[in-house]
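Common to both upcoming complexes is chain A, partnered first by chain B, then by chain C.
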Partner chain A sequence: MRVDPQFLTRVRQGGEFDASVCMNCGVCTALCPLGVELLPRRLFRYVLLGNPDAVREQTETIFSCLLCHMCESNCPAGVHITENVRTLRTHLNREQYHLAEA
Partner chain B sequence: MSVPIGSTLGILGDNLRKRGSALPLSRRVATAWAKGLDLPRGGETVLYTGQMWQMVPAINAMSRQLGKYEGRGTRLFGFARSMNKVVNLTPFLARTTPSERTAYNERLRNIVRLLRAAGVEFGYLYEKDLYPGTLAYDEGLTQGFVAHARRVARTLRESGAKRLITVDPHTTNILRSVYPKVVDGFDLSVRSYLEVLADRTLTATEPLHESVTMHDSCVYARYEGVVEQPRLLLARGGVDIVEPELSGSMTFCCGGPLETLFPGKSTEIARKRVEQLSACRPNLVTACPLCLANLQRVAPTGVEVRDISDYLVRAYCPVVTPA
Partner chain C sequence: MTEEPPRRIGVMICQCGGNISDYVDTEKVRAEVAKQGDVVATRVEMFACSDSAQESMVQMIREKKLDGVVVCSCSPKLHLSTFRAMTQRGGLNPYEYTQVNIREQCSWAHTHDKPAATEKALRLVRAGVAKTALSTPLERMRVETIPQVLVIGAGIAGLRAALALSDLGISVHLIEKAPEPGGHVARWGRVFPNDKDGRGLIDTLVREVRARENIVLYLGTELTEMSGRIGSFRVKVRTPTAETISLNVGSIVVATGFETYAPKPGELGFGLEGVVTLPELKELLATNPSRLEYHGKAVRSIAYVYCVGSREEGSETNLRTYCSRYCCSATSHIATVITGMDPGIRQFHLFRDIRTYGKYEAIYERALRGGSVFLRFGEEAPPSVTSENGQLVVKVKDRLMAGEEVELRPDLVVLVTGMVPREDGEVARVLKIPIGKDGFFHEIHVKLRPVETVVDGVFIAGAAQGPKNLAESVTSSMAAVSKAAALLLKGYVDLDPMVAEVNPDLCAWCDACTLACPYGAVEKVDHGGTAVARINGILCKGEGACVPVCPKQAVSVKGYTNDQVRSMIDALVQEVA
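After this line comes the complex of A and B, so read on.
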């Protein structure tokens, strides 16, 4: 696994990203209308650990989030999940798709 | 499986920057709904559509086209993006019919009738009623969105508007909860027409005595806390509301947000939601144009999906037939 210590800093250039209080309890996964394909807690750990390759592999998952707020409204740790997902989209739009608007 | 993500978002972003909307509509299409209503231009209180209802037929048409390219079409989409920079491809890719546009425009006319019945005075900004950039914000086209939001806010400031009455959850959320974070000094009052109507003492002239299943929009229910207002208005109008297992703040998404990039998944989720709702009653009520479009598309024979304004207008302001 390639670890990039600057990864989180680069992600945060696209907006707010904070998942440090995530307890990995799995409520987000259990409630997600998309089911097992979307695993915010796993995605967020990749970011916190500085693993850009693992995040890039989840591009479809990140863009398929409904932003329906079901996970966030029920997250016992109060993680701003949808905001984090939007920030990851901005990051991918910049670094993977090179979109000037991102 | 998705459509080519980078090129599709590139087209949406280019459109927003060059043409002021993710799916640019002509001025005529965007304002046609107000024809004959004699809405005053501007004023301190305005009905702000954000072009959302007007855009839904184009979103539906685009989604049908994009659905053919899930999992393929990378080079074609790259070419389409280059072309779209020179020529606006939206009218070709998202061809809509007058009857589709009329059906959605009618909901805006319903809302005007309801607000007038409640004694609310308001104007409309016509060509200055701009798309607020919701899709760009949600898809992470952040820089493009922020630049666009500042342009929209400037137009609003110059118009002299102080209070906006919004007509759908997405426009309500973006203007009320997102704009103040990205536009310095944005402090306009933003309220959904459902909130405005619920505060008034509207009396049903023809109580409906009908039973429906309520589908809450995720954005109204979980982002903006608009849960009780639609229920109150329906109940006062004589409508019996049956709640599905997942309702209110625990509502289940209609799949609409995936229409652009994942049309197949969007349909799958919509089917699941229609099954949940129609298990209660076959008459389903929505309060969002995207929910309406997505659920209507998959509703089987015998299941009817209607916008809340269709019920409210029948209860509170029925058409008077000349003798």
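After this line comes the complex of A and C, so read on.
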């Protein structure tokens, strides 16, 4: 994958995104009641590194999240996972579905 | 030959908790040596160095009225001074003690052959007893020390050492090879952990050094010669005008620092436009603290590659298996500095392991929160750095993404280069201090004597001993100062009496010993109208190069006299039942 260093800046135009302190432990994935295919940690790493294609491929996963907070409440690094997912949805709405801001 | 009165020697044999007794039959050795003439008491101990065993031995010295002691245990490097002190506590002269090494030389060396290990131990013990039977009391020589120190290197460690010595009232000659003081730190801009300016730190120290009456700073000056010994070294230094200055100092502190690892051409893209080392980036930031530019072009993204030149095999004389200690913290810190300049600059850190130990962990976390992304690569799969039409391309298999290959196209690649020892072997050669396998100066004991060298009175400070960050360098420099000051403030030093001496009645002054002595310890004196040699015990190190060259057998080393060595050989070749 080729890194797009400006991707994170574009994502952040849709809201807050911060996964810098994620330590890749995987608690989020273990606890997910939906058993989403993609590890949140991996998804967030695609964002941090800057991989728009990989994020776009995960559209289904990003929208199937229940925003139940199970992962976030138990994240040992205190990453705001659900807030990050919301921001990614906003980003996809704009970039992929070209939905205007409400 | 007159018959010597019999000696009363006591022998203690150590089992070293099995280290010795698992291979050497200590009881058999004891029983055999007890039959030896001059031996009046023997005992076997589980640990001879334990307090209780030493106390029993002290009792034995008194009760049996011993006049010589032999302990058969480990290497004298470990416990010679322990048992000399024990012998002294028993009321004897400490040089009536002999250590026999039956651990390193017997049990550890011959684990495959227990009877042979036992036989060898017995022979060595007999030799030790024979040597002790001819021992005489010796007195240490007390010499005055000169309250002056030569500090080599005016980097952070040397400057700090000079000031601390000066604080204690000790005069300092501070020599620096470079035309300017300050070493690496002066060029490095803001340094972790407290973000102070390196130049500022150095300027403050140099100003203070120049203000002190008891510090002389010599720039562009190198050490060329050293003679003498602890308490009174005579050194010669060469100034930029090629003038040689002779100095007389009581102690020497070596603070010559390190060099930055220079990557080989092509190593991780080294040599490509836009590939720099960590010190080069530091200097770049120090020269222009407001904007990050490289060759006139604004830098928008950076890829750092960690552990360059560290934690790898290196060469036989320069094992670089060590961690350079400062680079992870320095690079994390630099990332926070760059984020502070412009949070929009993207920074990718390609690392093997992050070692921002202790309080520096907070710097790593600041770098993370500032937006730095850390990618972990394995030792077996280092990143590749290439250039496509002038654009740098970095590829790395990210372990945190299960080895997925990540391709970066940064404006700048920073090779986080570690510390290597100084190439210039002049200081080591002149001072005769040993160098470790990694090429750094070697301390006597890594934990207990970290700033002392095998040359008494010569201490090592800072990164000359091994990679250290700034704070650690200063700590080690303070340790060297305290060792030097402890030596000099006492005003005297007691020297080992095991030095050479000349029998003037035998000597015919042929000059052979003068030529053999590397320490210039032989003097020509008059003895009843004829010229003879005399050994200056202060300069002599007791190494004995003069002994075998003497055609008259007029020279011998105290504690290792010719008679003693002959008797040891006789004892070694004696039959073993």
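Operating definition for what follows: the second predicted complex is superposed on the first by the 99 of 102 C-alpha atoms of A that agree within 3 Å, B and C clash if a C-alpha of one lies under 4 Å from a C-alpha of the other, contacts with A are read in each partner's own complex, and residues count from 1 in each chain.
Everything below uses one rule, namely that contacts are C-beta pairs under 8 Å (C-beta built on N, C-alpha and C of every residue); 3 or more make two chains touch, one makes a residue touch a chain.
Keep in mind that what you see is a predicted model, and the values were worked out from it rather than measured.
Trainee: Kindly say whether there is room for both chain B and chain C on chain A in the superposition, answering fit or clash.
Mentor: fit
Trainee: So, A:Cys68: does it touch chain B (first), chain C (second), both, or neither?
Mentor: A:Cys68 contacts chain B only, not chain C.
Trainee: Return the chain, chain B or chain C, that is in touch with more residues of chain A.
Mentor: Chain A has more residues touched by B than by the other partner.
Trainee: Identify the partner contact of A:Arg2: answer first if only chain B is touched, second if only chain C is, both if each is, neither if none is.
Mentor: After superposition on chain A, A:Arg2 lies in contact with chain C alone.
Trainee: Is A:Leu99 contacted by the first partner chain B, the second partner chain C, both or neither?
Mentor: A:Leu99: touches chain B, not chain C.
Trainee: Under the stated touch criterion, which partner chain does A:Cys25 make contact with: chain B (first), chain C (second), both, or neither?
Mentor: Neither partner.
Trainee: Examine A:Arg45 and indicate which partner it touches, taking first as chain B and second as chain C; both and neither are also allowed.
Mentor: Touch status of A:Arg45: second partner only.
Trainee: In the superposition on the shared chain, how near does any CA atom of chain B get to one of chain C? Answer in angstrom.
Mentor: The answer for the closest chain B-chain C C-alpha pair is 22 Å.
Trainee: Once the complexes are superposed, what residues of chain A are shared between the chain B interface and the chain C interface?
Mentor: none
Trainee: Contact residues on chain A for chain B in the complex?
Mentor: Counting only chain A, the residues touching chain B are 14-15, 33-34, 59-60, 63-64, 66-70, 72-73, 86-93, 96-102.
Trainee: For a test of understanding, state which residues of chain A touch chain C in their complex under the given definition.
Mentor: 1-3, 5-6, 8-9, 20-21, 24, 42, 45, 48-50
Trainee: Show which residues of chain C lie in contact with chain A when the two form their complex.
Mentor: Chain C reaches chain A through residues 300-301, 344, 346, 348, 365, 368-373, 375, 398, 400-401, 404-410.
Trainee: Could you list, by residue number, the parts of chain B that touch chain A in their complex?
Mentor: Within the complex, chain B touches chain A at residues 1-2, 5-6, 9-10, 13-14, 16-17, 136-145, 218-219, 222-223, 249-250, 252-253, 255, 257-258, 261-262, 265, 269, 272.
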